[in-house]
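Structure in structure tokens, see below.
The first chain written gets the first letter, and so on, giving A, B, C, D, E, F and G; residue counts start at 1 in each chain.
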Amino acid sequence: MEARPLDALNRARDKKVIVDCKNGKQYLGTLRAFDIHINIVLDDTEERHNGEVTRKLGNAFIRGDTIVLISPQ
Amino acid sequence: MEARPLDALNRARDKKVIVDCKNGKQYLGTLRAFDIHINIVLDDTEERHNGEVTRKLGNAFIRGDTIVLISPQ
Amino acid sequence: MEARPLDALNRARDKKVIVDCKNGKQYLGTLRAFDIHINIVLDDTEERHNGEVTRKLGNAFIRGDTIVLISPQ
Amino acid sequence: MEARPLDALNRARDKKVIVDCKNGKQYLGTLRAFDIHINIVLDDTEERHNGEVTRKLGNAFIRGDTIVLISPQ
Amino acid sequence: MEARPLDALNRARDKKVIVDCKNGKQYLGTLRAFDIHINIVLDDTEERHNGEVTRKLGNAFIRGDTIVLISPQ
Amino acid sequence: MEARPLDALNRARDKKVIVDCKNGKQYLGTLRAFDIHINIVLDDTEERHNGEVTRKLGNAFIRGDTIVLISPQ
Amino acid sequence: MEARPLDALNRARDKKVIVDCKNGKQYLGTLRAFDIHINIVLDDTEERHNGEVTRKLGNAFIRGDTIVLISPQ
């Protein structure tokens, strides 16, 4: 159990996560880094929209203020 | 009775809560952590949209600025 | 008469208030707590949309940046 | 003539003002308080939408970030 | 020529300006005051929408975060 | 080559730039001033929408938070 | 592997990146500079919308708060 939300992100580091963004897109990838603004970096990133894979991106920086939810897979 | 809003979240810790987000989605789960930005972490998270269960997520970090309301169940 | 807006919220503490949110929903309940971000906590909360009662929530934390107006009933 | 915008609000204190909000609603009432975030408190508040009176509210706290314009009547 | 953007507003003080807002409305009036948030106060304010005059307002406080552009006439 | 983004704006000072705004409008003019919020001042400003010239403005202050992109012509 | 998200942007400096913006547009170019707000500067910038090239821009400053994602190509 964690006391602070960022502890949960810390435990998810180097694990597969799903990231939901405000524009309805999802990014699946390996969480490599995050900061207090919830800016994150994913590796092996796959973009999905409406359940379909729309792009394969390697490394991706996602700006924190576009993120709704991050969940380890 | 509480003097400050975060006291209410503190009392909801480790309890089932419903979280309404700005995009119309709801998340039900056990509140594990929160911070002053109202970033939260839920366990055993269930996503609902228009009253239907749309996803089962285990652990979920939800960014505070997407949250409208948090209510203990 | 009050000099600062938060004085008005302080006088509304433990009284019935109506809260209008940016998403068009209204929350009626007893104001238990607030902070400088206008995060609030209501008890005996009733959600209304387009004049209809849509949910009964007990205790509810509402994030300040979703709030348009708070008025004692 | 005023040097700073808040001086204009100070001169409007205890006077009738019209407040335009981002959601298209207007609030007419007596300006009782404001702060640097432009959070305001009105008395004898009347809500209008598309030129029609939609609600009579007594005391109303309006969150600053929803306000477009404040004009003394 | 000015080094800082607020110098341009300072030179526009007591002059006629046109103010474009994010909601598509325009305000024409005499710029009386501004601050670092670009909150402004106009006198002899005229509101226009789609090129039509929609309202005559005397003194008007306009919240900075609703403003797109300010141009001396 | 520049180390910081504002260095690029500094090199564009007194040059023709195109400014894209969030509302879909474009402003072409001579960049006279900017600050860390990316508030800018243009001279000889021309507004375009959907590729058409919609207005000729002399001096124009544009609020930083409405700007998407600034590119020297 | 990086500890902080900005480390990923630092490694992308002087490399080709794709930048997704909130308005649905994409910018491809060589990343020349960035700051903690994720304001960035690209060289040899190409704008795309719905998969089509819509503009060729040389040097482009993009304001951080409009950015969703930055990915090295």
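The criterion applied here is as follows: a residue touches a chain if its C-beta (ideal position, glycine included) is under 8 Å from a C-beta of that chain, and two chains touch if they have at least 3 such contacts.
If you're wondering where the values come from, they're calculated on a predicted model, not measured in any experiment.
> Just to be sure I understand the contacts, which chains border both subunit C and subunit B?
Looking at subunit C and subunit B together, no chain touches each of them.
> Measuring from the mean C-alpha position of subunit A to the mean C-alpha position of subunit B, what distance in angstrom results?
Computed from C-alpha means, the inter-chain centre distance equals 18 Å.
> State, to the nearest whole Å, the distance from the C-alpha centre of subunit D to the C-alpha centre of subunit G.
Taking the mean C-alpha position of each chain, the two centres sit 41 Å apart.
> Could you pull out the residues of subunit E that touch at least 2 other chains?
Those would be 65.
> Can you give me the ring order of the chains, beginning with subunit A and going next to subunit G?
With subunit A as the starting chain and subunit G following, the sequence is A, G, F, E, D, C, B.
> In the complex of these two chains, what residues of subunit A are touching subunit G?
That would be residues 14, 21, 23, 25, 27, 32-35, 39-41, 45, 57-63, 65-66 of subunit A.
> Touching residues of subunit C toward subunit D in the complex: what are they?
By the definition above, subunit C touches subunit D via 1-9, 12, 18, 22, 38, 64-65, 67-72.
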